[in-house]
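Both complexes below contain subunit A, partnered by subunit B and then by subunit C.
Up next, the complex of A and B:
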């Protein structure tokens, strides 16, 4: 096919794709975009129904001066990146194992956490890991501890063990699924060729297999990071009183009995959206670069 | 701000602010009323479902639908959204709202009124009393009808504590001698906030009935923070974290991790024992200088679709018959003024509580007024900064 024809086909395909995506795009733009604009206005102090009619950056300025906000930001970054890192490494390891496994039931069993709502997962982890939880009771029955408070605090604890555990447990199946799909693009021939050329299994893994799946892994990791960065129900249930994660902080400001706190709540929400948005943009740029060397 | 939206809503032609009562009753017949209330107390849920709903159907032909809320502030946010969207006919007819929610809603003009002092059964209520005509310090102005009375109590396990502390310094001493066995829910939880407010009142000897005063707060709050911080190392988990809700606090107590809990319902211990959730050796106590008390109200949103029905339901819930039934079922205190009742009604309302609760005379002799709601947010924020985030 000629070069021009190729280009036309691509342009036509683009239009078709845009038309096909229009209903979904409309929903996203109207609901999501509308909500974002509304949140932005409220964060600037515009909420006439509650008698707020100012337009200023006060809410943002106050956030930067609030040690609670800075602690929350650090905690949120810590929780999201730790959970993402653990989930990603585990998932890649599991996917590499699963690829060579013939078992028909292993994958479905691994997918079970996917079907469970986060709220339920958090409640289950609390029942399991709390100081009066199942694990502590078993430890007590076996004589390892005398009473609940001898058990190390894993829920509402300073290191957010409970939150991270819940996220890892929920996210590993999701990331594994994506990694498995991308592993299909790594053909056996490529790996066999490398092996016949004298590469050790480790070299095959490091120089042939992993590079091919890195883009998919990074995208999956970003999705997990963005979600854990903005989700609030798990830290609300399993987090400490102080510091709180950004979404929990926003939620508390939102429910404050003083409507003048509403701009602060919305400003935090906007900051969350901004951070994940910037990350997504960075990832998009990166993935374009891989696109170039991936297909040349 | 239009606190009094026009009563001429779509569904009913009459304005309950001046229509004669029989006309309101007639307009209410055959309708349904949705009552939004905190769903976390099974006793109240049962009272509404098993007693109030059938009685209202029988007496007034009204279908009462109970709509549970996780927290009343959720409803305030919902109403605010409805107001912004211009919804003239909303989803809630009547709301059991706490003082914080009432103040927020009043600021945003979410409450319809005045209507409450016109109810026929309002004649049993002393609207001159500040415990009735002010809700957490905020003037009620007929925008909500009182229907229950509550008082804060401390709860302890007699099997583990011989003599409960009599005041805050006694509590601190006890905690010091029993590290890890006491804690309180983190504000903004309602019960946790009440505990902190109460400590503020008791430690500084002020009633805080006036609107928020920054200078007074700056002068008095350090006393509160230093007491709470002196207590902190002896709290559950060394005060590194606090239970997020009163439900969580009660779970810790039920599991034996802590030896004291607290409630804004004076008969809470009694009921938890009956339900088998608390040890039978559980008892209640109040501080010598008293504990907070407040009145629970029913408010009508500006866009309540069935205002006549809501008025009839509110009137029924404050009738002597319903108040007696509520006290029998829940131990909840009445809002009716005893001197306005018949001797028989008075007798029925002075039933003594079970062994885990406290007699009415003891509660009445140990009461301090709930501070004005303007003090709540500074206390909550101050707690976060000076106690939790220290």
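Up next, the complex of A and C:
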């Protein structure tokens, strides 16, 4: 009797939760899920509005043989991993430094890039790093260069310096704040105990402090990589015309007047979603193992 | 006495100098953080700034005047603000109940629900937007502000939901139980107990949803075609041109709402609890 009552209560609770969740889930499932399914169908060649009614993997097969796609994939991986690596290392160093420092003014300053749109960051970095930008002017004032064209191209350049700089600028505050939050879980007592037992500051750092923040650092790095992999505005503005990153390539194929290019554009978009989705799955699995998700 | 004062002054400068040296890495980080914003600020009000010069030769408000006199800009500003406001209000309307359920209740398949909410954050919404464009064309939503508002919900709703879920997860629900015991109905309890207590989190979530919409470029361009012009769209086309004054003036306008929002959020967090460290803001801010 009481068990049945309990079950009824639980069913009622579940119904109420379902009702509360319905609007948000509807928005996400319809717009995001529906859009994704639609993109998948179009990548398989299903677009009745344009008279395309085939279902095949041709678009994906063509991508694999397309040097433009392979270059784009390489460039995208290069940009995302370089930006992630630099941002992560810098952020850990900054967070460790900030923890032992008494100056509190840097934290609010550090949050400025966090709130700035990527498009603004890209436009700002262009004004900073272009051949007539502020850095080039400083080089000129110091007598290193005479003319703008003497300054190495850092925008629309083959090494994607401008893109990577923009991402590092945007992501360092994000990763630093996450690392700082996780550093608070490293208790002073633990570090002091290690020091009392004769550990050098370096040993304390390597064997006590760093191991405890590894999960948070990896999660932050994962998020940064997945984001920079699929982001669009920065490479469109600061990238070369060839090769392009995957999102830019997808967009350009999509804008093509020839509707026959549509499946290719959708296939690239699906590849981006697939790669970031797999990374997300790995991230969720890892974070579950660390038990971080439960109390965040 | 005089020499002593001079000595103390010298000692003072010496000590400040030493402290500054110790702070060099922190100063470098601050310089790196502010560096890209400096040319935006300077260019936006410069009248003439020839190449090797580090400082503009002449100041002028030409950029801002040009913007204010342009009907396109005024229209873009109004559209941006309206769309962002609608996204903020709608996001809260759907995320508040969801956040209450996720944060405050136990139910089966919560993991799955969280996964669905997280997906649009972890997987870039480009593919979904390209895919849904075709449906929007058929529904007559393409090239309309309504369509743009709808796709902006894709990134905004998940962030708003997570923030509100985190806020409700930290609450015991004791205040609500007390109110119910004292005879308040569910709606009264919600309006007079839950809402006021969740107000700061709602404000932060609304601000974030507003900013997410305000910052969008690609989703706006895909769904809005060339018909829906926002400040982001104007900034992008300016940035591909070659007038730094206009780029910078648009940049200042584009940066203003996030900057103000940051100030408000810092205030809110500082006011909320002195015991909570600033580092907690990591939870409230997007990637």
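Just so it is clear, the second predicted complex is superposed on the first by the 249 of 296 C-alpha atoms of A that agree within 3 Å, B and C clash if a C-alpha of one lies under 4 Å from a C-alpha of the other, contacts with A are read in each partner's own complex, and residues count from 1 in each chain.
By our rule, a contact is a pair of C-beta atoms (placed from the backbone, for glycine too) under 8 Å apart; a residue touches a chain by one contact, two chains touch by 3 or more.
Small disclaimer: the values here were computed from a predicted structure and weren't measured.
Asker: Give one word, clash or fit, describing how subunit B and subunit C relate on subunit A after superposing.
Answerer: clash
Asker: Just subunit B (first), just subunit C (second), both, or neither: which does A:74 touch?
Answerer: Neither partner.
Asker: Classify the contacts of A:20 with the two partner chains as first (subunit B alone), second (subunit C alone), both, or neither.
Answerer: second
Asker: Check whether A:206 is in contact with subunit B, with subunit C, with both or with neither, and answer first, second, both or neither.
Answerer: A:206: touches no partner chain.
Asker: Of the two partners subunit B and subunit C, indicate the one touching more residues belonging to subunit A.
Answerer: C
Asker: Please work out whether A:103 is in contact with subunit B alone, subunit C alone, both, or neither, and reply first, second, both or neither.
Answerer: So A:103 only meets subunit C here.
Asker: Contacts for A:266 in the overlay, against subunit B (first) and subunit C (second): which applies, first, second, both or neither?
Answerer: Second partner only, subunit C.
Asker: I'd like to know which partner A:132 touches here: subunit B for first, subunit C for second, both or neither.
Answerer: In the superposition, A:132 contacts both subunit B and subunit C.
Asker: Just to be sure I read the superposition right, which of the two partners does A:117 touch: subunit B = first, subunit C = second, or both, or neither?
Answerer: After superposing on A, A:117 lies in contact with subunit C but is clear of subunit B.
Asker: For A:193, select first, second, both or neither according to whether it touches subunit B, subunit C, the two together, or no partner.
Answerer: neither
Asker: Is A:148 touching the first partner subunit B, the second partner subunit C, both, or neither of them?
Answerer: Both partners, subunit B and subunit C.
Asker: Just name the clashing stretch of subunit B against subunit C, choosing from 57-65, 75-83, 93-101 or 309-317.
Answerer: Superposition on chain A puts subunit C right on top of 75-83.
Asker: Where on subunit A do subunit B and subunit C both make contact?
Answerer: 47, 49, 132, 148, 237, 254.
Asker: Any idea which subunit C residues touch subunit A in the complex?
Answerer: 23, 25-26, 29-30, 32-40, 43, 51-54, 93-95, 97-98, 100-102, 105-108, 113-120, 122-132, 134-135, 137-138, 150-151, 153-154, 157-158, 161, 166, 211, 214-215, 217-218, 222, 232, 235-236, 238-240, 244, 247-248, 251, 254-255, 258-259, 261-262, 266, 277-283, 285-287
Asker: Residue numbers of subunit A touching subunit B in their complex, please.
Answerer: Where subunit A meets subunit B, its residues are 47-51, 67-68, 71, 131-132, 148-149, 153, 156-158, 236-237, 240-243, 252, 254-259, 261.
Asker: Quick one: which bits of subunit A touch subunit C in the complex? Just the residue numbers, please.
Answerer: Counting only subunit A, the residues touching subunit C are 13-14, 16-21, 23-29, 31-42, 47, 49, 93-94, 97-98, 101, 103-104, 106-128, 132-134, 137-138, 140-141, 147-148, 166, 169, 171-174, 177-178, 180-181, 184, 223-224, 226-227, 229-233, 237, 247, 250-251, 254, 265-266, 269-270, 272-273, 276-277, 279-280, 283-284, 293, 296.
Asker: Given the complex with subunit A, which residues does subunit B contribute to the contact?
Answerer: Touch residues, subunit B against subunit A: 1, 71, 73-74, 77, 80, 83-84, 100-101, 103-104, 107-108, 180, 186, 188, 236-237, 240-242, 244, 252, 255-257, 373, 376-377, 380, 384-385, 388-389.
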